[in-house]
Amino acid sequence: MLLVLPLVIPLAAAVLVLTFRDRETANRAALIFCLAESAAIGSLVWRVHTGGNLEGTYLRADGLTSFFLVNIALISILSLSYATGYLRHMGEGRFASPRWFYALVNMFLFTMVGVCLSANLGVLWIMMEATTLASALLVGFYNTEGAVEAGWKYLVVCTVGIAFALFGTIVFYLAAVKAGMSQTSALDWLGLLAGVSQRRFDPNLVRLAFVFILAGYGTKVGFVPMHSWLPDAHAEAPTPVSAMLSAILLNCAMYALMRYEILVSRAVGKDFPGELLVFFGLASIVVAGLLILVQRDLKRMLAYSSVEHMGMIAIGMGLGGALGFLGALLHTFNHSVAKSLLFFGAGSVRHKFGTLRMDRVSGMGRSAPLTTAMLAVGALAIVGMPPFSLFVSEFTILSESFSQSRYVVGAVFLIVLSIVFGGFVHHFLHMACGAAQKTPPEQDFTAAEYAVMFTAGALLLCFGVRIPWSFTALLRDAVSVLQ
Amino acid sequence: MEFAEVAAGKVVSTSAVFLMMTIVLLAVSRRVSTAILVFGLQSAIITAQVAGTAFLESSREAWVVAGLIFAFKVLGIPYAFFWLVQKLKTSRDVQAVTSPAQSVFLVVLMIFVSYAVVRSYAFGIRVPEDALAAAVALILTGAYLMVSRKKALIQMLGLLVLENGIFLAALTTTFGMPLIIEMGILFDVVIGLLLMGIFAFRIRDTFEHLDVSRLRKLRG
Amino acid sequence: MSTALAILQALFLVLAAPLVRGAVGRLKARFQRRQGASVWRPYSDLIKLFQKEDLIPPTASWIFRSAPRIVFAVIVTAAAFLPVFQTTALAGHRGDFILFVYLLAIGRFFLMLGAMDGGSGFGGMGASREALVSTMAEGPLLLAFVAVSIVAHRPAIAGIVEWTVGQNFFDISAVHILAFTTLGIVSLAEAGRMPVDNPTTHLELTMIHEGMVLEYSGPSLALVEWANAIKLNVLLSLLIALFVPWGIATQLTWQALVLALGSYAVKLLLLAVLLAGIESVIAKLRMYLVPDFLGVATALSTLAVIFTMIAKR
Amino acid sequence: MGWSSIFWTFLILLGVLVPLTQLGTKTRALQAIGIALLILGIAGGLVLAAVCLWTGLSISIRLPNVGYFPVSLAIDGLSALFLFLICSVALAVAVYSSSYIGRHYEAVEARWMWALMSPFVLSMALVVTASTGFAFLFGWELMTLVSAGLILVEGDAGDRIHNVYIYLLMMHLGAAAVAACFFLYWPSAPGLEFAAIRSSSAHLSLGVRNALILLAFLGFGTKAGIIPFHLWLPRAHPIAPSPVSALMSGVMLKTAIYGLVRFAFDFLGGGPAWWGYLLLAAGAVSGLLGILFALQESDWKRMLAYSSIENIGIICLGLGASLLFWSYRSPAWAALALVGSLLHSLNHAYFKSLLFLGAGAISDATHQLAQDELGGLQKRMQTTGVTILVGCCSIAGLPLLNGFVGEWLVFRSFIAGSGLSGAGAQVILPLFVGVLALIGGLSGACFAKAYGVSFLGRPRSQGAENAREVPWAMRAAMLALATVCVGIGVFAPVVLVPVSQIAGGLVGTLPPSSELQFFTVMPRMGAAILALVTASLAVRHRKRVAATWACGLPALTSRMQYTATAFTKPLRMVFVRVYKPDRKIEVLPEDLPYFPASVSYRSVRTTSFEKSFYRPIVERVVGLAHGLRLLQTGNVQVYLLYIFLTLVGLLVFLRFAR
């Protein structure tokens, strides 16, 4: 029951919310459903923490699941609260009204929760593919030229990528079957977990499977050079969706990779998947870090920054070790909070200045001081400055790389951090400072928007100074799954 | 029932050759409708293979899968494609960036590569070499179609071919995955195509063409 | 006894300074086949100036009047570091020559400030040129000290003197010759003598020291001039003490002291002759050749330090 | 127990309460209480540091872990010295600001200023008291960030932004190097507690040790503004509000020195001789170029910024000498040189912050900082003038003031270098006496010019003409700092004793006590000079105020005085190779060159480091980024191709990796 509830609620919400034609009602209903979903997730997580893993046929929940579910719940509450204010300018249209928006968002949420809860590698794949499908329409929601283009590219590139992941899944299944496992348990998580440690999997097949999985889910995570869809989709989607894409969808894809990493490293040793992850992580941070320097569109820059941070998480995962996993997970969470804050800020900038071109915005500090302050917090956090939380997680990952004497990884990491810092600070300073621009008559921001941004900022600060005890427990459970 | 078993065995073993032929046909087809028909044919061959396997293994699940594939990939999807072509009112040309001769050359090369790749693995897992090679070749061809054809519809088709290849690979190596997973995958494919169809309409409406290589506003 | 003598020798340096200046002037005049003024003339100049009134520009602040007094005070203090008749001085410690050099720097610093307080163009001009000269002179001055101190294994002026007295004159090393030359050049620059500065003209193209003191009159001018004379005397005595100290009293007996006084007077006279000779023979350098002149001193002093490596044992 | 609670109070006051009182309310009274709390907190820190410094007490407190990383603070001798430095300067700055900020900024800006200044001081205190790597880096990054915020509060026009940007970027690069320093210890000292780092240092391989010192040099050198990593310094310091400039120049740079000493001496315990040569070379270059650039600046704050580079150079000379002595196993002299540079750090903090506060007072009174527009201020601002004169004399290294103390110690250790066993070192080290003397001479010229042009003679502008003395709080702060400068200059042993204890603790042997005795001469000498000056001043003379002779013209005008630019012309011509000025002379009208209606002359000095070192690097990085941008073609087919190629690449890797 606990396992099914987090899936049923958004599904029901998606259907029900379509019946509310009135915007306000739709807003309220969506929020209520989201809170209900969070409560469901909360009780599930509590149950897992106190009573151990929950196992079902196709669904299950362990520490890692809990961690990502908490992440999803938090960001979706923030995004939806932000959306209630953000959508106020939206008219009615086919597929383009608030109720459709909420319906699609709830579907999207359903698929992501599904990814985390799946107990079967096949179901995992199905849910991953479903995330693409559910979010594609959201990316193209505005139906402008850019949105349609981005939506198409997103759909095509991710579907192709995911197709390779399917092939990888099949090869892994093959390896399991060849190792003598029954057809029913060869995709099942618990079965496989027992299998990889007790049976001898053909290492060649496992490696082949992992390569395909990496290319496939890696596309969804946004590893360079499979990241091409990401800046388009994140920049063109409505802001709350951008936040969800960057802050939780990428994490879900990373979650899928983590699951495989666990299995593969037990089957063929941790070096093989680790090295590949570190390689793609490095490629991602270097390329994305450099591209951040030359972006003109705020949301595009944020999207590249997501690529960069996914690279960091991949490095943490690939390095492994106590700190590597810890850092990767912590960074997953921190990045999602910081990135959603930044996307919310970007949404406010668009409302205020009517553009996201960073070279056309200036004097923001004077005309929109609160937004600027929030953006500043987000920007400082995302470049890994204390006292914000990403400093801690980046420190953790770096510590692991140096403790393994991986000096090159550490050095590249540090240099990229500086490049990204340069990029972000350059763009931000030029937006925030200078004489105030003539802006269109004051757009009133709703209290909800500020409350959301403030909450995110407070979370960043809080996790940067002291990680709450309850979260540490969550983290410990998750890391114990990974190790 | 000797004969039926022999026939089923033949179907399974020779289908690879037929699939190779469809690949070459896809490479040279210039018209959208031809490509769709070839795809339908390809799906039919795969259906036959599944059915053959189902018969040989006498597995009920496999029969269900065969039925599903027949319903969707042989009938439903080609029909939907034809409907799309009609609705979108686009030119019939596939708008390739390579000439048919080049395409054939590349495709044959891919088939060759597939054999080379498969050989190194097939030995370890003891499966029919031809069928697996055909599967890999399908994957590669699907990828090739997506890269080399500018029209949105053919990209969708390329994706389906790729999917077919993956399915075939699953079939030949493991006699298919659990039924519910297969159904889920198929469901995803269908929904994916539906969405791509929606986007095809939107692209047509917004840009008044279907040439995806001209969608280049977002870059850098 | 020793302390009293130390006070005496410092007082001697201060009080005899105008005489040295007068002597040099007289010798110069002789070299130029002129009669020249009396050697006591500087004293009467000072007395005359002390009796005049102090003219103060309306724009000037307290710096203007204090500067000459500070300059005088520090030069007098610097004089306390020199052994003249005996091998100890009133003040002195390990590393005291750094302090000595920096005391001279205080004087220059305040003289420049005083010059700029006058509010005319000439003060600034003189100060600017003084800044150039003093900047270039400080390095070689200290390096010369360092070279000698390394050879003597003593880090203080008095110690060096003591060590040198114990050596044979003919054992003198190349380091000493280089250091002596350096110190000589620097002394010319520091004391404002030819070829760096011409103390006898007020030509605005060339004047350095005279430019700085142009606005001063009366007692202030007297103090500046006296201080300048002491500086010359101190520098000449320094040359004597560091390089040709033989004859200086190592024990405090009357005979020794008389001998010390006598030999000191002779050496001072010889140096004065040398100085007068140089000033009569050499023309004033162009302003922008002065750095080259001091550059030579820098090079020599660097060489002196490098040569200590060989000269030490 | 009691002392550590003072430490806690210090942290909480500065970190939480003061910013809250400023940003949390708009009540004037509460904000005033906040300022008072800030001053109180800093004073508490000062007392704590003083107790630790003079009694040798050491305190450590442990904060809750952040993630996996322990956070604890400890005050040992070295920390106490730097904490003392930070708190004492910050105290004066806070008192100064209590008047200055209100006069210069609107309410909102003032609130931000106070709200940021308090964490700025705190972050510096964190850096010098941190006893784990995490805490250190936390403070280190925070310090940069908050100071940049303070600069931005002052104003955010286009060129300022560029300067702030360069500041932030270079600081970040430096911080990356510093972070790498700590991380290199991770394999041997997980947790990065200083105690573990210290004990594990002995077992590091030579390669790692060399890498560590190079990274430390890079990282801390950037923060300290060692040439060629100084690019940010003359850009960032002048544009900050004067009290903040005082903190940045006087105090923040010293945290880098602290870091360098911590790593090179405390952790690594000295190393091969080339470490010493590295620092000596860097110190010589920074010292000479720093003061040469300062000499040519006629803006007070830019000049002071460059002079900070010079003083950092002197400190580095001392550190280099110390490392060299240590590598040749004469720890006593190493300790002496270390005492010299530590003391010069302390002294520079005092006179530099004094001068920056003075610059603030000048701009407060005249609304400008260009020396060529000032003049005659001494008569109009007596107290400010005297304090600045003290500062100028100190920074020029004149005896009886604190600048001389540190320099003398460094000089003395150079000379002692002749006793080293290494053939090269025994000549090279004494030769550095010449370098330091040249630096000293140039700084004398520089500050005589600065003070003389601004404070003496006639006023050159209306602003200078109408200058008024600044309020008492500002004067009190400057007077206090000036008193400290004189105090240390005359009674040096007061601070020499604890500092030599610290140096002895680091190096293992106390510095030779016979050398430290030198400073006992200072009070007597000072008394002698003072007596002579007062006596000669006391003698009554007839005085008359009379106009200066104007060569027959009706009167002298202020335009006839030497300007700062004119003053340094001779030196500029001598060091023309260093400056490489771009001169532009424009004579109008052009067809009559001998009868000009107007002549305009412009001379711009572009730092060649920027042209030849930094710009190419930046251009290459940005060029690379633009190149990568082209790969994102926008064509979905190309994107798909990337995926396929990646896959093929991975498969090939798989084929051959086995």
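Think of it as A, B, C and D in the order they're written, each chain with its own count starting at 1.
Basically, a residue touches a chain if its C-beta (ideal position, glycine included) is under 8 Å from a C-beta of that chain, and two chains touch if they have at least 3 such contacts.
Because the structure is a prediction, the values reported are computed rather than measured.
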Farthest CA centroid from subunit D: chain B
Leading chain pair when contacts are tallied as C-beta pairs: C-D
In angstrom, rounded to a whole number, how far apart do the mean CA points of subunit B and subunit C lie? 101
Cα centre of subunit A to Cα centre of subunit D, whole Å, reads 43
Whole-Å gap between the CA centroids of subunit B and subunit D: 70
Rounded Å distance between subunit A and subunit B, as computed from the means of their C-alpha atoms: 32
Could you check subunit A for residues that touch two or more other chains and list them? 152-153, 156, 160, 204, 208, 231, 294
Which residues of subunit B are in contact with two or more other chains? 143, 146, 155, 212, 215, 217-218, 220
Find every residue in subunit D that makes contact with two or more other chains and list them. 629, 632, 636, 640, 651
I'd like to see which chains touch which, written out pair by pair. A-B, A-D, B-D, C-D
So in the complex, which bits of subunit D are touching subunit A? 64, 66-69, 134, 137-138, 141-142, 145, 152, 156-158, 160-161, 164-165, 168-169, 172-173, 176-177, 179-180, 183-184, 186-187, 190, 192, 621-622, 624-626, 628-629, 631-632, 636, 638-640, 642-643, 645-647, 650-651, 653-654, 658
Sort out for me which residues of subunit B touch subunit D in the complex. 97, 117, 120, 143, 146-148, 150, 155, 212-213, 215-220
Can you list the subunit D residues touching subunit B in their complex? 629-630, 632-637, 640-641, 644, 651, 655
Residues on subunit A engaged by subunit D in the complex (per definition of touch): 152-153, 156-157, 160-161, 164, 204, 207-208, 211-212, 214-215, 219, 225-226, 228-229, 231, 276, 287, 290-291, 293-294, 322-323, 326, 330, 365, 380, 385-387, 391-393, 395-396, 398-399, 401-405, 407, 410-411, 414-415, 417-419, 421-422, 425-426, 429-430, 432-434, 464-467
Tell me, which parts of subunit A touch subunit B in their complex? 58, 120, 122-123, 125-126, 129-130, 132-133, 136-137, 140, 143-146, 148-153, 155-156, 159-160, 163, 166-167, 170-171, 173-174, 177-178, 183-184, 187, 202, 204-205, 208, 231-232, 235-236, 294-296
